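Written below as structure tokens is the structure these notes are about.
Which chain is which? They are A, B and C, in the order written, and residues in each are numbered from 1.
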Amino acid sequence: MHKILQRLSNAALAVWVTGAYLFLYVPLLVLVVFSFNKITFPYHWVGFSWHWYQELFVTSEIWEAAQNSLIVGASSVVLSVTFGLLFVVWSSRNNKHYLMGAFYPNLVVPEIVIAVGLLSFYIFFNVPLGLPSLIVGHTLLGLGYAIPIIYTRYNALDQRIIEASLDLGATDRQTFFKIVLPLLRSALVAAALLIFILSLDDFLIAFFCAGSSAQTLSLYIFAMIRSGVSPVVNALATLMLVVSSLLVMVFCSVKVKEDIW
Amino acid sequence: MKTIHLKDISKSFEGDVILDDFSLTVPAGKFFALLGPSGCGKTTVLRLIGGFETPDYGTIMLGDKNITKVPIYKRRISTVFQNYALFPHMNVFNNVAYSLQLKNLDKERIKERVLKVLRAVRLESHMYKSIKQLSGGQQQRVALARAITNEPDVLLLDEPLAALDLKLREQMLIELIDLQETLKTTFVYVTHDQTEALTVADQMAILNHDGKIEQIGTPQQIYEFPASSFVATFVGKMNLFKGTLQTAGESPCVDVPGLGLFQIYISARYQWMQEGAHVVMGMRPEKIWMEKKKEEKFSNVMAGTVEAIVYHGPATQYNVRLKNDQMVQVFEQNEEHFPKEKIDYDDHVYLHWQKENAFLLER
Amino acid sequence: MARRAKTVHSFFWGIPAFLWQTLFFYVPLCFLLATSFVKRVPSTKISHFSLEHYAALLDPIYMVILARSLTLAAITVCSCLLIAYPVAYFLALRVQRFKTILFALLILPFWTNFLLLVYAWYFLLENNGLINTMLLKFGFISAPIHMMNTYGAVCCGMLYCYLPFMLLPLYSTFERFDERLLEASRDLGATGWQTFTRVMLPLTLPGIKTGALLVFIPAFGEFVIPSLLGGDKSMYIGSVITHYFLTVRNVSLGSAFTCFSALFLIFFLFILFMAHALLNREQKNA
């Protein structure tokens, strides 16, 4: 009796988990498949076609939006990781670990509050809205992720290795660039990937702080969804999924080498 | 070859006083060992010399240069760390060449020097391996090679053999002695293992729990003529007898209550002792000659019963109970496979020793 | 005792991050708070302190909106937990060979733009969408099922987008879980259900709490998903904020409402925290 129950519960678990994965992936697969569909209405498969991808490449708005998103993403990554790294090194050396707490709210406070706060700030100081105002917001989120990730890795470093470097004649600066930085590489890469994707996928801060002139991919997709279904969005979605998959693969290979979480 | 002088050093960590008014001179070009129990401050002394800590008070001189305020990377002192602290992201070559690469030397010269050093530690065939592929002993030798590459004035070794197994440790000790004799660099070796210290040192210092130097001397001096009961009991095994000194009469004796009078040899250090002084007579277990019958040729003898026998391989330890209930340890070398006379439990034995083989300590 | 070597000029290094954080995070939040108390006299440049905006918020309609957001967030947390818990357990403890791939598959949606995820459901659920077209084609139904613009569609979308936020902390908790404890429990005679309730559940509780917070707090302010999948019929907290900030451009009222909602959230979490602490104390006294 017990064995049967055991088998049943195992089977139930397997079914549940399979169901969950299907739930996660069927919609995405459908999206991808139908980006190659010949026509838009009605939604059944007619035949294979690159048509929507061609339309995608022709639509200049998408390219502008993509370019903007990349600029914002890259800038946010550079700013967050650099500032975050400097901050972690400084606070760890001067034993001010508690100051890290100042960055926790970035992750805890609902994003809409941050977005709206920034907006009221900009309005008050008559700051023109555009890509820079957006980069500021994304860097805030980035700092919230970068600092804990880098901090964990930095404090897991064997202090004796740093002492050995100094002992052998390297100055603090040389030690930082030759020893500390290479050993932190996995954390920096993981943080960079995470922040880049976050920036790419972010909608709320762009919605409030980008103003009317700057268009990012998220905002573009939002507008497109509002105006109805179009397979061009399917094509865009497929491309973005490919990009995300590549980044996930890189991230997982980094994770396999060293544990970040 | 440079001498190290530590003068009146005081160092505390968060209220705990580790060293107070500590002074030490490490002679140039010698293998110097710092021995002491855990937590006595010997590692702190090493870290002060290396520059990883700065003293609260006092000065540190290297040769005739005051290096107290000189930062770690400017001191011509290298350290071999207890857990090796090898750079995990570099291979053997780059680890060893690190100090040379910092100075932007010519690549050919660097390679030449690294090869030379790796040959000295017998690792030249592992030159381009990654650190993770090496065994503990090999890693230790890389750490050693790395430290001597830029020819420091002083080499500091912080319990470097602690992680190795016995056979490897014994081998490495001999290699270290050879290395020091070849390089003629001042070695400062910190350990809590007395066998290591006695093996490698030309000169050694014993620190007690409070960070004070109990004795400085050669290993023989420390072992054979300990200056205090702490040194006597910390280094090696020891039998101690409390008594009073009797200088009247032909030869000085120690009157041990319950056991009798024993002849003693008073060394130069204790010539000032007077009649009736409270003293401790000490004897190493291997200096005692144990027989079932009494021998006449020895200056001193006492009687007892064998209570315990512990077989150590090369020697056997006998615990003998004396008539005043004190326990004495005796080491007898196992010279023969089939000894003529075997001593067993509860045997009545006589313990003999010459008066020169015991020593005197203040109480 | 290992001490870190210091540098002379390291002071400057911490400044940029700190400055950024203060200037762009804390200051704007203060501004938000301050703006909510400011009332500008119309057609003049005079502004003065006023509680007028907060008074306006006492209208019951706002409480309805808050309750609506709260309910949606709660439903999302529960549904995410229900789905994620077995999956996390399975992946962490029952899978050996394909773990990395399956894990990668699990976090891929997390790394995808959530608007695309919403769009995928749009595509499926629309009256002309895939599901309806398929069902009609195969004759299962005679008229398209109205799935879009319903509360069900919203919940589905929320579950879909927030699932990874619950999955990752749970997975991490299960990864660190000592399976031998389960074995010990069975060894001592407990049934599967008893082992689950007495051993697994209490020990994974920290992970559940983390996941719940990671889902609840953002879901509380969510308005995009309800808007796109629910047809903009109901107002949620986010929609109100958007309305005041971007449409009507009444920054003061918008700030007031944001602060009000934030306070509500904090208050709600505080109640939960107190209930949790009380429960703990009762358990200890029992």
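Simple rule for what comes next: a contact is a pair of C-beta atoms (placed from the backbone, for glycine too) under 8 Å apart; a residue touches a chain by one contact, two chains touch by 3 or more.
Computed from a predicted model, the values in this text were never measured in an experiment.
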Quick one: most central chain, C-alpha centroids?
A
Which chain has its C-alpha centre farthest away from the C-alpha centre of subunit B?
C
Just give me the whole-number Å value for how far the CA centre of subunit A lies from that of subunit B.
58
Could you please state the distance in Å, as a whole number, between where the Cα atoms of subunit A are centred and where those of subunit C are centred?
17
Subunit B and subunit C have mean C-alpha positions lying a whole-number Å distance apart equal to 64
At which residue positions does subunit A touch at least two other chains?
160, 163, 166
Which positions in subunit B touch two or more other chains at once?
52, 72
At least two partner chains per residue is the criterion; list those residues in subunit C.
5
Taking the touch rule as given, give the residues of subunit B at its contact with subunit A in the complex, in rising order.
50-52, 71-73, 77-79, 81, 83, 85-89, 98-99, 102-103, 146-147, 150
Which stretch or stretches of subunit A touch subunit B in the complex?
158, 160-161, 163-171, 174, 178-179, 182-183
Under the stated contact criterion, what part of subunit A meets subunit C in this complex?
5-6, 9, 13-14, 16-17, 20-21, 23-25, 27-28, 30-31, 34, 41-44, 79, 82-84, 86-87, 89-96, 99, 102-103, 105-106, 108-114, 116-121, 123-124, 136-137, 139-140, 143, 147, 159-160, 162-163, 166, 172, 197, 200-201, 203-204, 207-208, 217-218, 221-222, 225-226, 229, 233-234, 237, 240-241, 244-245, 247-249, 252, 256, 261
For a test of understanding, state which residues of subunit C touch subunit A in their complex under the given definition.
2, 4-7, 10-11, 13-14, 16-18, 20-21, 24-25, 27-29, 31-32, 35, 83-84, 86-87, 89-91, 94, 100, 102-109, 111-124, 126, 128-130, 133-134, 137, 160, 163, 168, 172, 192, 217-218, 220-221, 223-224, 228, 237-238, 241-242, 245-246, 251, 254-255, 258, 262, 265
